[in-house]
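Which chain is which? They are A, B, C and D, in the order written, and residues in each are numbered from 1.
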Amino acid sequence: MIRAKIVGAGGYGGVGIIELLLGHPEAKIACLVDVESVGLPISSLYPHLTGFCDMPITAASDVKASEQVDVTFMATPDGVGMKLAPAELASGAKVIDYSGDFRFNTPESYADYATRIGKDQKHASPQLLAEAVYGLAELHRQALTGKTRVVGNPGCFAVSCILGLVPAVKCGLVRLDSLICDCKTGVSGAGKKPSALFHYPARYDHMNAYKLAGHQHVCEIERELGLQSGQTLRVTFTAQVVPVCRGIMSSLYGELMPGVKPADVQAAYQAFYPAGGFVRLFNREAGIGSAHVRGTNYCNLIVDVDARTNKLRVISHIDNLIKGQAGSALQNMNLLFGLPEKTGLNQPGKYP
Amino acid sequence: MIRAKIVGAGGYGGVGIIELLLGHPEAKIACLVDVESVGLPISSLYPHLTGFCDMPITAASDVKASEQVDVTFMATPDGVGMKLAPAELASGAKVIDYSGDFRFNTPESYADYATRIGKDQKHASPQLLAEAVYGLAELHRQALTGKTRVVGNPGCFAVSCILGLVPAVKCGLVRLDSLICDCKTGVSGAGKKPSALFHYPARYDHMNAYKLAGHQHVCEIERELGLQSGQTLRVTFTAQVVPVCRGIMSSLYGELMPGVKPADVQAAYQAFYPAGGFVRLFNREAGIGSAHVRGTNYCNLIVDVDARTNKLRVISHIDNLIKGQAGSALQNMNLLFGLPEKTGLNQPGKYP
Amino acid sequence: MIRAKIVGAGGYGGVGIIELLLGHPEAKIACLVDVESVGLPISSLYPHLTGFCDMPITAASDVKASEQVDVTFMATPDGVGMKLAPAELASGAKVIDYSGDFRFNTPESYADYATRIGKDQKHASPQLLAEAVYGLAELHRQALTGKTRVVGNPGCFAVSCILGLVPAVKCGLVRLDSLICDCKTGVSGAGKKPSALFHYPARYDHMNAYKLAGHQHVCEIERELGLQSGQTLRVTFTAQVVPVCRGIMSSLYGELMPGVKPADVQAAYQAFYPAGGFVRLFNREAGIGSAHVRGTNYCNLIVDVDARTNKLRVISHIDNLIKGQAGSALQNMNLLFGLPEKTGLNQPGKYP
Amino acid sequence: MIRAKIVGAGGYGGVGIIELLLGHPEAKIACLVDVESVGLPISSLYPHLTGFCDMPITAASDVKASEQVDVTFMATPDGVGMKLAPAELASGAKVIDYSGDFRFNTPESYADYATRIGKDQKHASPQLLAEAVYGLAELHRQALTGKTRVVGNPGCFAVSCILGLVPAVKCGLVRLDSLICDCKTGVSGAGKKPSALFHYPARYDHMNAYKLAGHQHVCEIERELGLQSGQTLRVTFTAQVVPVCRGIMSSLYGELMPGVKPADVQAAYQAFYPAGGFVRLFNREAGIGSAHVRGTNYCNLIVDVDARTNKLRVISHIDNLIKGQAGSALQNMNLLFGLPEKTGLNQPGKYP
C-alpha cells in the first residue's frame, strides 16, 4: 500500500484527496497535517467523513508528521510546498504540490508567475524546478514515472483551458494571437475560507467577472500552450464566478487558419484524445454541462466550429475540485507509482 | 454475480440504482427497461454515464427484457409493480419495488393507502401481500433473507420519520397522540418529470408546504410506528419543499411521558442503533445537516430533548434518493442475497 | 419631510431601510452612520444604489451625525441602541431599534433575554423600558402613536410566529402547553458578515437545524403570546436554515381545545386580520410560498386544521428582511408620524 | 391616464409589465388577455399580486378585450403580434411587441430571422415593417415619439450585447470581423413553461452552452451593430445558461484597431452614455455583477482593455426580464407618450 501524507488536510483540496484515497485500492492515508484545528479529528471539520476517516489533524512539527510516507500531497497555498518539499524528498517521499510552486521549470518563469500573484520572485527551492513535472497527464504522461520526484499539479482554470485548446494549438489550426478563454467557475474554487464575495446572500443569483487585471492561471496556460505550439503566445483570459458549487465551464475561441476545415478540427481532437481516457469529446448537439462531470475526474469537450465567422469554439467542462485539483493529483500519483491511470478514479458521479 | 434488471430505468430512481450497481462488486446490470426512450442508450439520457453504462433501454415487451435475472428493481410508480411482479417471480427473480404496491401486508391496509393516493382500492396481486416485506432493514432485518421474494421499498419521507421516531415509540417514551413530523424535502423527491412547481425560476429562493390535506407516506409511518409500539396511532405530518436537490430534513416532536429523562432518551436510541450501521447519532451541538449525508445511504439523527417544554425533538437527515430510495433498495438486495449489508454502499459522499 | 438617520447603515438591516426610504413620499435620508467604511459612499458597498444614494457613511462621532433628525433607525446589534438612545431622544428624534434592547418592558424581562444571548443582564437605559413599545403593529397599533418615543422592532422569527399564533392563543383555541414553532429561515437573516456556515459552498444544497439549546427569539414569542392569552406559556422552538436568501416559513402547531371546530379557527383569524392589512389569509389549497412575499411587507398565513389529529396548523410566510425587519420598522415610523400605515410599503414584489 | 392592454399576460413577460404598470403614475392596466387560464384572476396564477391586481384574464375573442386602449403590450411569442397588430392599430392603440415580429424593417431581413427560428418566412403584416421601430431607446430615441405606432421590443441577449458594443463599433475602435459575444443568461429567460432543461434538479449547480448551431438574437445584434458601423458584420455568439433566475452577463470581445488606446475606448463609451441614463459605466476594479441590476432597468457595463493582447473587453449586465424585456417596453411606452424616459422605472432593486 502507498502511504500518503496530506499537508493542508483541512481545506477543500485536502478533503478532496482524502475522499479519493478512501476509495483507492492501493493507497492509504498515513497522516493529516494542517496549521489549524490541530488535534481535532478531520471528521469534526467534515462530518460526512464520520466513521470513514476520524484521524486527528497533526501539526507539521509533530513527530507523527515526520513518519516515513511514500507520497506527500501538498494541498497548500503558494509558497508552502517550496519550503517543505526538500525535507519530504529527503525522507524518500514523492511530492505532489497543488500550488504554483512547481508548475514552472526555471527561476525566471517562476519569477513571472510570482510577480503576478504578488509573491517574492525568489523561489525557496530553485534546485528542484528543473526536475518538477507539470502534472497534466494528458500532456506529460511520459514524464510522470517512477523516477519523478516532484509534480506541480495544475491550476483548475488552466486544466480546462489547456485541455480544450491543445490539439488546435499543437496542430496549427488557429491563429495564436486570437485565443480567448472565457471561463466560469463554481464557488468552491475559491476554497473553504469565508469571504464577503462568497457569502451565500451575496453569491446566490449573482454572477460577475473578477481579476480582470490579470489572473495568475494565465501564466501556465500560455506556457503550456506555447510549449505545444513551439511559439510564445498570449491569451485573453476572463475569470467569472457563477452560483454553482463545483464546475468550470470554459468557452474557448480562436480564429481558424486559412484552409482549416471543420473535419480537420474534429480529426485533430480525436487523434489527441483517444477513447477511454479522461477527456471525452462531444459535438454541438450534445446536451451536456457541468453537472455531467461533477464528482468525477473527467473533462468533457464540445468541439465546434462557427463556420459563419471562421472561429474554433470549444466548450470545456471539468469539476474544479477533481480534474481541476485532487483528481489530477491522484491521477499523477497513479502514474508515479506505476498503477493504471484510472485507479480509484473510475466512477461516474451522482446525478442529479 | 447477481444479475439485476431495472424497470423504470430512465427516472431518478432508475439512474440511482444504476449508479450504485456500477460500483457493486457482486452485482451487474443485465437489462434496463422503460416505456420511454426505448432503444436509446441510457447515457444519452444521462450523459454522466457515458463510458460507464451505454446499455440501450428496452421495452418490457422485448425478448431481451424476459431474460433470466436474479433481482428486478421496479423503479416504477404505484400500480406497475403489482402487475409485473408475478411474472418476475415465476421466472425466479426476486422483486424490490419502489412504490407503495408492496408496503402493506393486507388488502385492507393497501386499500386505505390506495384511497389516499386516488388509486383503485383493489390490489392486482393480493396473493403476494402477505409475504411482502417492508424494506426498511433497520426494522425488518430478520425478515429480509434468502427466502424473501418481494420487498416493498419504503417511501423517502417515511424512512426519515420512522428511523427518527422508532426508538422513542418502541420504548414508550412519548405520548402516541402527540407525534408531529415536520418534513422538508429537496426537489429531486418529485422525480424527473418537469412541472410548474419545480421549474427553476419558480423553485429557487422559494419554500412552501404542500399536500396539507394529507400525504400518502403518512400511511406507512403510522403503520410501522404502530407495529413497533403495539398500538394504533396517528401523526401530524407536514410536507414542505425547499430549494435543495437531494436531502430530507425531518423535525420530529413528541411529548415525553411522565418521568422520562433525557438520559433515557439517549439510551434508547443508542441501544436501537449500535455503532457501525447506517444510522448515526449526534447531539444538539453537532453542526450537521443534509449535505453531510448527501450521496450516501446514511441517516444522521440529532436526538434532543427540549427540557423547558418536556418535548422529544429529533432532527433526521437522509439523502432522499439513496437512503430514501435506491440505497435502501440495494441494502435490501444485499440482505436478500446474503451479502454484508453495506456492500457497495460504504462510501462517504463528496463535500462540498 | 421626515428626516431619518440610520445607524448601522452598512448592514443588511441598514440597506433595507435605505431602499424603503428612497421610495417613501414623506421621508428622506438625512444621515448614514456606521463604524466601518466611514467616508465611503454607501453605493460603493452596495453598487445597486449607485445614482440613488451615494451619501457617504459617517462616524457616530462626526458632527454630521449630530444634526437634528426626526427619527433614528438603530439597525445595530444588541447593546448599541440602549447606549445611544438617550442622546437621540434628547435631541428630539424618535428611536426605532432593531435589536432586543427595547423589546421588553421591565429590567427583569430584559435580564432573562440578556442571559439567553450571553449579554450583561443590566440594561444601559432602564428608565426607557417602561415606555418602549414592541413594534409589531398588528398587536400594538394603539400604542404606536405620535407620543411614542421608543420602539423595539421585533425579531424576524418572532414576527412570523406571533402573527401566526396570536388569534388562536387570544381566543383560547389551543392548549397553551402544546405550541410548537418549526421555523425555517433564509440565509440573509444571519446578516452581512461572512462565516463558515453561510459560505456558499457550505450552504447551497444544505439544510440544518441550529441553536437547539435555545434561540433568543423565544423570549419575545412567549412574552407576546403570554400577554395576549393572559397566561404565561412556553413554546418549543426549532430554528433551521435552508438555502434561500430571503424568507421565513414557520410551521406552527397546537392541540385544539375540546370542542373547537375548523370553522371557529377560520373565524378567529378572519376577525383578527381584516382584509386590507399586511396579513393575508389563505387556505390549505393555496399554492403559496416564500417567494410570494419576497420583497414585501406582507405576511401570508395558511390557516389549517388537521382533523385526524385535532391539531391547529398554521404556515406563516414573511420576508425576514422586510416584515421581519426594515419593513416593520417603516410601518412603525408611519404610525409614529400619523401617516397611513402602508405608505411606502404598498407594492408587490417582483416575480419570479 | 394611459390605458394599457397586455396580451400574453400570464407569462413572465406579462407579469413583468403588470408589476411595472402597477407602480407607474401615468398608466393603468385596462385589460389582461391570454389563451390560457381565461376567467381566472391573474393573482391566482401569481399570488404575489393578491390585492394589487386581481383582474381576470380575458380571451382575445371576448368583448372586454376589444375595449379602446392607448397601448397594447404584445407579450407573446413570435408570430402572434404580426397577426393582431393591425386591429390594435386600427382601434387607435400603439403596439409594443416583445417578439421578433417587428424588429426588422424589411420583408427580406425578417425572412432571414424567420428562417433562423424555423418560422414561415412570410410576414403576416409586411406593410407595418417599414414604420416599426427597434425599441432600444439608447440607439433609437429620436424615432420613438408620439408618431410611432409599432415598436419591436428587443431580445434580451441582444440588449446586453448591443449596448456593450455599440460605442466601439460606431467609433471604429475594433475590427468588425473579430467580435465575440459570450453570453450567460439566468433561467427566467426561457419563460414560464416547465421543461426538462429547466427542471430544478437538472438546473441547480449546472451550467451549459446551448443552441451552438445559431441563436436567433444574432440577427438583430448583427443588424443593429451593422447599421451603427455602416458596414455589414458578423459576430460569434455563444448562449449559455447558469443557475441564476434573473440576469444576463455578456462578455464581449473585439480586437482593437491599430493605434486605439484605452483612453480612446473610455472616451467613446462616456460620450455615448452620458450620466443619468439607464446605462452606467464602471471600470475593471468595480465589484459589480448581475445582482446589482436585478429588479431594475439598468445596464451596467465594465469597459476594459486587455493591453497584453490588444483586445477590447466589455462585461455587460442586465436583468433579462426588465431591461431585457418589460422594462425596455415601459421605457418605450414613456417615449411614445411624451413622458420622461425613467417614469415608473426609477428605483434601485432590493439587495441581497
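We take it that a contact is a pair of C-beta atoms (placed from the backbone, for glycine too) under 8 Å apart; a residue touches a chain by one contact, two chains touch by 3 or more.
Here the structure is a predicted model, which is why all the values come from computation and not from measurement.
Here the chain-to-chain distance from chain A to chain C, counted in touching steps, is 1. Set against the C-alpha centre of chain C, every other chain centre is closer than that of A. Per-chain CA centroids place chain B at a distance of 46 Å from chain D. Chain centres here are Cα means. That of chain C falls 37 Å from that of chain D. Taking each chain's centre as the mean of its C-alpha atoms, chain A lies 39 Å from chain D. The residues of chain A that reach two or more other chains are 12, 186, 188, 201, 204-205, 243, 245-246, 287-288, 291, 294, 352, listed in rising order.
If touching chains are joined by edges, the resulting network of the protein chains shown connects every chain directly with every other. Contact residues on chain C toward chain A in their complex (touch as defined above): 12, 186-188, 192-196, 198-201, 203-205, 243, 245. On the chain C side of its complex with chain D, the touching residues are 12, 15-16, 19, 22-23, 46-53, 188, 204-205, 245-246, 276, 280, 282, 286-288, 291-296, 300, 347-352.
The touching residues of chain B, when paired with chain C in their complex, are 177-178, 180, 182, 184, 186, 197, 201-202, 204-210, 212-214, 234-236, 238, 240, 242-247, 249, 251, 253, 255, 284-285, 287-291, 294, 302, 304, 306, 308-309, 311, 313, 315, 352.
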